[in-house]
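The two complexes that follow have chain A in common; it is paired with chain B in the first and with chain C in the second.
So, the complex of A and B:
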C-alpha cells in the first residue's frame, strides 16, 4: 500500500513537470492550429541552456530560468516569424514538417556543440530528500511541481486577466472573427509561440534535473507530450494539466502494482477509450475551432 | 562429289574453329571468376570502400559515436601503415538513428547502391540482427563488435562474426564473485531491473538464474520498455524490496536515474552492477555527480580496459589520445570494440590476400586465431568468439579497475559497497 501511495505522489509531482512541457504545445495548437513537433527538441534545448549556466557561471537552476526563459521566448518568436508565418495553406499539415525540420536543426546544433555524451544537471536539491509517510521525497520533484504551479498560474492570469489574454482566447475561438474585430492575430501568434517555447525552457530544466539527457532525448519526449495533449484535448490548457497528472499517476501505479512493461499500455488503452467516448479529448472543443 | 568432299574439310574446319573460339571464350570467362591469383599491383586501384551503419543519433548515439571513433582510428592507422593489400581504406559511414528499419535500408544501400567492397557491423544487438540478415542475403561477411546478444547467433547465419565476448556470459564473473563470498558475508536477496533489450535482458536473466542456483533469493524482477523516461517507480520497487544485491540491465540514462533515486531514498545495496553505463568513463561519473558517487559500483567488461596488455592496445590508446584528447580512463570500451573489428578484418584479408567476401567468410570460419586489442579471437560455427571472456570491473577511488577473476585483477573487489557520499 505504501508503494502505491508513493507512486501516486511521485506521479502527481512528475506530472506537473510534464504539464509544463505540454502546456506550450497545446497553447500553440489552440491559437495557431499548428502541431509543434519541435517542442521536445526545444525542451532539451532549455535543459542544455540551464546546463551551460550551471556549469560555466555556477548559476542556480531556478535562478537561471530568469535568463533562459526570456532567451527561449525570443527564440520562439523568431521561429514563428521565420518558419511558421510563411506557411499560408494547410497550416496543420505543413507545420508538422516545418517544426520537425526545426527539431532536426536544433538536434544537429546541440550534437555539434555538446556531442552525444549524456549530461545531467546538478544542484543540492536534486539528490537531497526529506522523509514523508514512510519514504523519502526528493526536493527536486517538489520544487519542479511548485515551479509548474507558479508558471501555469501566471499563464492562467495572463490568459484570463489581461487584454492580451482576451485577444489570445478570441484567436483560439475563431481566428477569422478575431481578425475582423481588429485583433492583430499574427502578433498574438508570435507571442503565443514565444510563450510556448519559454515554457519549454522551464520544463527542460526540470526534466534535465531528474533525467540524464543528450540531444536525442527529444524523441521519447515528444511522443509522450503529444499523447498528453490528445488525451486532454488539443488546445486545452486545463486538459493538458489533467492529462499530464493522470498519465504519470496511471503509469507509476501500474508500474509498481503490475509491471513497467504495461505502464504505457494501460495509459494508451485508457486514451483509446476516452477518445471513443469523447473524440475531442477530455476538455477539447467539439469539431475543433471554427475558422 | 568433289564438291561435296571439298566442302567437308571447310565445314569441319569451321566447326573446329567455332569450338576453339568457344573454348577460348569459356576459358577466359572461367578464368575471370575462378582465378585465385592476387590482382596485379600495376593496375590502377582506388581505395577499399567499407560500408558501416552507425547510430549517430537516437537512443544509441553515445555508443554509436564512440564506435565511429574506434572504426576511424583503425582506418587511419591502417592507411598510415600503407593500407590494406596496398590500397587505402575509405569508410562509408551512414547514420541509422538507432532504428531497426533504417539500419536495414542503410546496409541495402551500402551494398547495392554504393557497391562497397566490405561492410562492418552497427552498434547493438538490436540493430545487428536485422543488419546481418541483409549482409547474408548479398553474401557479405559482417564482422562486428557490439552484437553479442544470444538471439543474434540463433538466426542460423554463416556470415556473422562477433569479436567481443558473448553477451549472456558477461555477468558470469559477477555472480561467481558473489557466490564465492564466505557464507557469513554472502548476500541472500537480489533485485533485478532491465530494459527489454536483447543486449541487456539476457545478461540479467543469466545473473538471476546463476544467483538463484547459488541460493540468492529474487525479491524483485522488472522488465521495462527501452523508451521509458520516468524510472522512478521502477527504482521505488527495487528500494521497497530492500535487496542486498541489485543487478540492472541498463544503458547510461537509466542507471543514472536509478542511482539518483537510490541516493534520494538513502538506499545503498551491498553490491550494485549495471550492464552498461558505468563503463562510459567520465561521462558516467559526471552524470551521477562525481567519481565518489561511483565508488564500489560494478560493471562487466567485454575484455578491454585502457591498460590491458593486448595486441596493439598501447598504440591504439596513444593514437586515441592524440586524435581526440582526454585521458585513457575516459576512453569508451566501444572504441576498443570498433578497433578490434578492424584488426580482425585486416588479419583475415592479409591471410587470404583478397577482399572477396566468400573467401573472407571461409577464412573467419577456418578456426584461425586472430589478435585484437580485446584479446584473442576465434570464431565458432555461429560466429561467437570462443576465446573471449568478460571480466568484472569496479569503480574504486575514481578509476575503473579490474577486480575479478583474480588472475586478471589489479585490485581486490570492494565489498560491501560504501555508502553514497
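So, the complex of A and C:
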C-alpha cells in the first residue's frame, strides 16, 4: 500500500513536469494548427543547455533557466520564421515533416557534441531527499513540480490577463476573424512557437534532473508527449494537464503493482481504448473551430 | 511517345536484372539490395499515403512485425538458411497486414494530423511490445536468423562456372559475390509485384476513389465512395508490402533488435523518399528511394551512424519539403507539359509564345480536424 502511495505521489510530481512540456506542444497546435514533432528534441536540447551551464559555468539549474529559456524562446521564433512560415500548402501535414527534420538536425548536432553517452544533471537538491509518508523523496521532484506550477501560472496570466493573451486566444478561436479585427496573427504565431519552445527548455531541465538522458531520449519523450496531447484533446491546455498527471500516475502505479517494463505500454493501450470511445480525446472539440 | 516509354521501361528492367552481374562487387550489391528494399517499402507506403493523402508516419511498425515474424518462424520451425525463408516472406507480409488491419481500423477513425500522431504512437506501442514480450521477441537481446550458405547450392555453382568461364569473375571471390544475389532477385521480384499493385490501384476505379478521398473526403463520401473500407484496404496493402520488406531485410542482416527492426528513422526515410520523388505517383517513390538510399548508405559508410549523418538527413528533409513540396516527378512533368505546349504553339504559328506561367494550386481551405464517426 505504501508503495502505491509513493507511486501516486511521484507520478503526480513528475506529471507536472510533463504538463509543462505538453502545454507548449498543445498551445502551438491550438494557435497555429501545427504539430511540433521537434518538441522532444527541443526538451533534450534544453536539458543539455542546463547541463553545459552547470558543468562549465557552475550556474545553478534553476538560475540557469533565466538564460536557457530566453535563448530557447529566440530559437523557437527563428524556427517558426525560417521553417514553419514558408510552408504554403497544407500547413498541418507539412509542419509535421518539417519539425521532424528540425528534430533530426538537433539530435544529430547533440550527438556530435556530446556523443551518445548518457548524462545527468547535478545539484544538491537532486541528491538530497526528505522523508514523506514512509519513504524518501528527492527534493528535485518537489522543486520541479513547483517550477511547473509557477510557469503554468504565468502562462495562465499571460493568456487570460494580457492583451497578447487576448490576441492569442482570438487566433486560437478563429484565425481569419482574428486577422480581420486587426490582430497580427503571424506575429502571434511566432511568439507562441517561441513560448512553446521556452517551456520545453524548462521542462527539459526538470526532466534531465530526474532522469539520465542522451540525444536519443527525444524519441521516447515525443511519443509520450504526443500521447498526452491526443489523450487530453489536441489544443486543450486543461486536457494536457489532466492527461500528463494521469499518464505518469498510471505509469508509476503500473510499475509498482505489475512490472516497470509494462508501465508505458499500459498507458498507450489505454490511449487506444480512449480513442475508440472518444476519437477527439478527453477535452478535444468535435469538429473543432470554424475557419 | 508510348513506344519510347515502353522501350525505356524495358531497358530499365533489363538494367535492374543485369545489375548484380554487371557490378558483382559485394560492397556495391549490398547497397543495391538495401536500395531495392527501400524502393519497395516506399512504393508500398505510397499506395496508402500517396493516394489517400493520409500521411502515415508509423509504417516501421509493420516493417518490424514482418521482420520479427520471419525471425520467430525460422526459430520455432528450425528452418536452416537457404531458399525456404524466402518462401516465408509472404507469410510475414500477411501477419504484418493483419496487424495493419487491426491498427489501421483504429487509426482511420480520425483524420489528418490526429491520424499522423496516432500512427506514430502505434509505432511506439509495437516497439515497446518488442522490448517487453521477451518470451516471443527475446527483448533487447534480439533474435538471430539462419545464415544462408549458398556455396553448395546448385544454381550458385552453375552460375559460377558460367561467369568464371567468361572470365568475368575470379573463382576465389565467388562466395562473397553470390551471397547478395538471391536477396537482390527476391527483392526485385517483390518490387515488380509492388509496382504492379501500385499501377493497378492508380488506374482502377478503386484508386480513383482513393484520389477522391485525398482531394476532398466529404465530397467523395457524398459521391458514393466507400471511404472507410477503401482507406483500410489501402492501408492493409501497404502494410503487407512493407512487412515483406521487413522480412527480407531481417533475413539479409541476420539479426534483429527492437530498435533496429522498429526504427523511427525508417518512418521518416520512406516519407522523405516519397516526397522527394513525388507523392501519389508511381515513378516518384521509386525515383526518390533510388536517389536517397544510396546517398544515405554512402554517408553511413563515410561517417558511421553518427550525428553528422542525422544533420545531413534532417537538412535534406527540410530542403526537399520547403523547396520541392511537389516532388521531382510532378515538377518535371509540369515542365515537360509546358515545354510541349510552347513547342506546338511555335510550330503552328511560327512565332514564339512564352510558356504559360505555372499556375499555383488554388489555396486549399484548411479545415480543423473533423471527426469521422
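In this text, the second predicted complex is superposed on the first by the 290 of 291 C-alpha atoms of A that agree within 3 Å, B and C clash if a C-alpha of one lies under 4 Å from a C-alpha of the other, contacts with A are read in each partner's own complex, and residues count from 1 in each chain.
Just so it is clear, a contact is a pair of C-beta atoms (placed from the backbone, for glycine too) under 8 Å apart; a residue touches a chain by one contact, two chains touch by 3 or more.
Since this is a predicted model, take the numbers as computed values, not measurements.
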Check your understanding: Given the superposition on chain A, are chain B and chain C in a clash or a fit?
Key -> clash
Check your understanding: Between chain B (first) and chain C (second), which does A:111 come into contact with in this model arrangement: first, second, both, or neither?
Key -> both
Practice item. For A:71, decide between first (touching chain B), second (touching chain C), both and neither. Key: neither
**Study point:** Touched partner set for A:264, first chain B, second chain C, both or neither
**Key:** both
Exercise for review: Would you check which partner chain A:101 touches, where first means chain B only, second means chain C only, and both and neither mean what they say?
Suggested key: second
Exercise for review: Look at A:156 in the shared chain and tell me whether it touches chain B only, chain C only, both, or neither; answer first, second, both or neither.
Suggested key: neither
Practice item. Scan A:164 for contacts with chain B and chain C and give back first, second, both or neither. Key: neither
Check your understanding: Which partner does A:210 reach: the first (chain B), the second (chain C), both, or neither?
Key -> first
Exercise for review: Have a look at where A:219 lands relative to chain B and chain C in the superposition and call it first, second, both or neither.
Suggested key: both
Exercise for review: Look at A:125 in the shared chain and tell me whether it touches chain B only, chain C only, both, or neither; answer first, second, both or neither.
Suggested key: neither
Review point. Which parts of chain A are touched by chain B and by chain C alike?
Key: 107, 111, 215, 219, 223, 261, 264
Exercise for review: Note which residues of chain A are touching chain B in the complex, please.
Suggested key: 2-3, 6-7, 10-11, 14, 107, 111, 115-120, 122, 126-129, 135-136, 138, 210-217, 219-221, 223-224, 248, 251-253, 255-256, 259-261, 263-264
Check your understanding: How about chain B: which of its residues touch chain A in the complex?
Key -> 56-59, 61-62, 64-65, 98, 196, 222-225, 227-234, 236-237, 240, 252-253, 256-257, 260, 263-266, 280, 283, 286-289
Revision key, fill the gap. In the complex, chain C touches chain A at residues 55, 57, 106, 109-110, 112-114, 116-118, 120-122, 124-125, 128-129, 131-132, 264-265, 268, 271-272, 275, 306-315, 317-318, 321-322, 325, 361, 363-373
Check your understanding: Contact residues on chain A for chain C in the complex?
Key -> 29, 33, 35, 37, 83, 86-94, 96-98, 100-113, 215, 219, 223, 226-227, 229-230, 234, 261-262, 264-265, 268-269, 271-272, 275-276, 279-280, 286-291
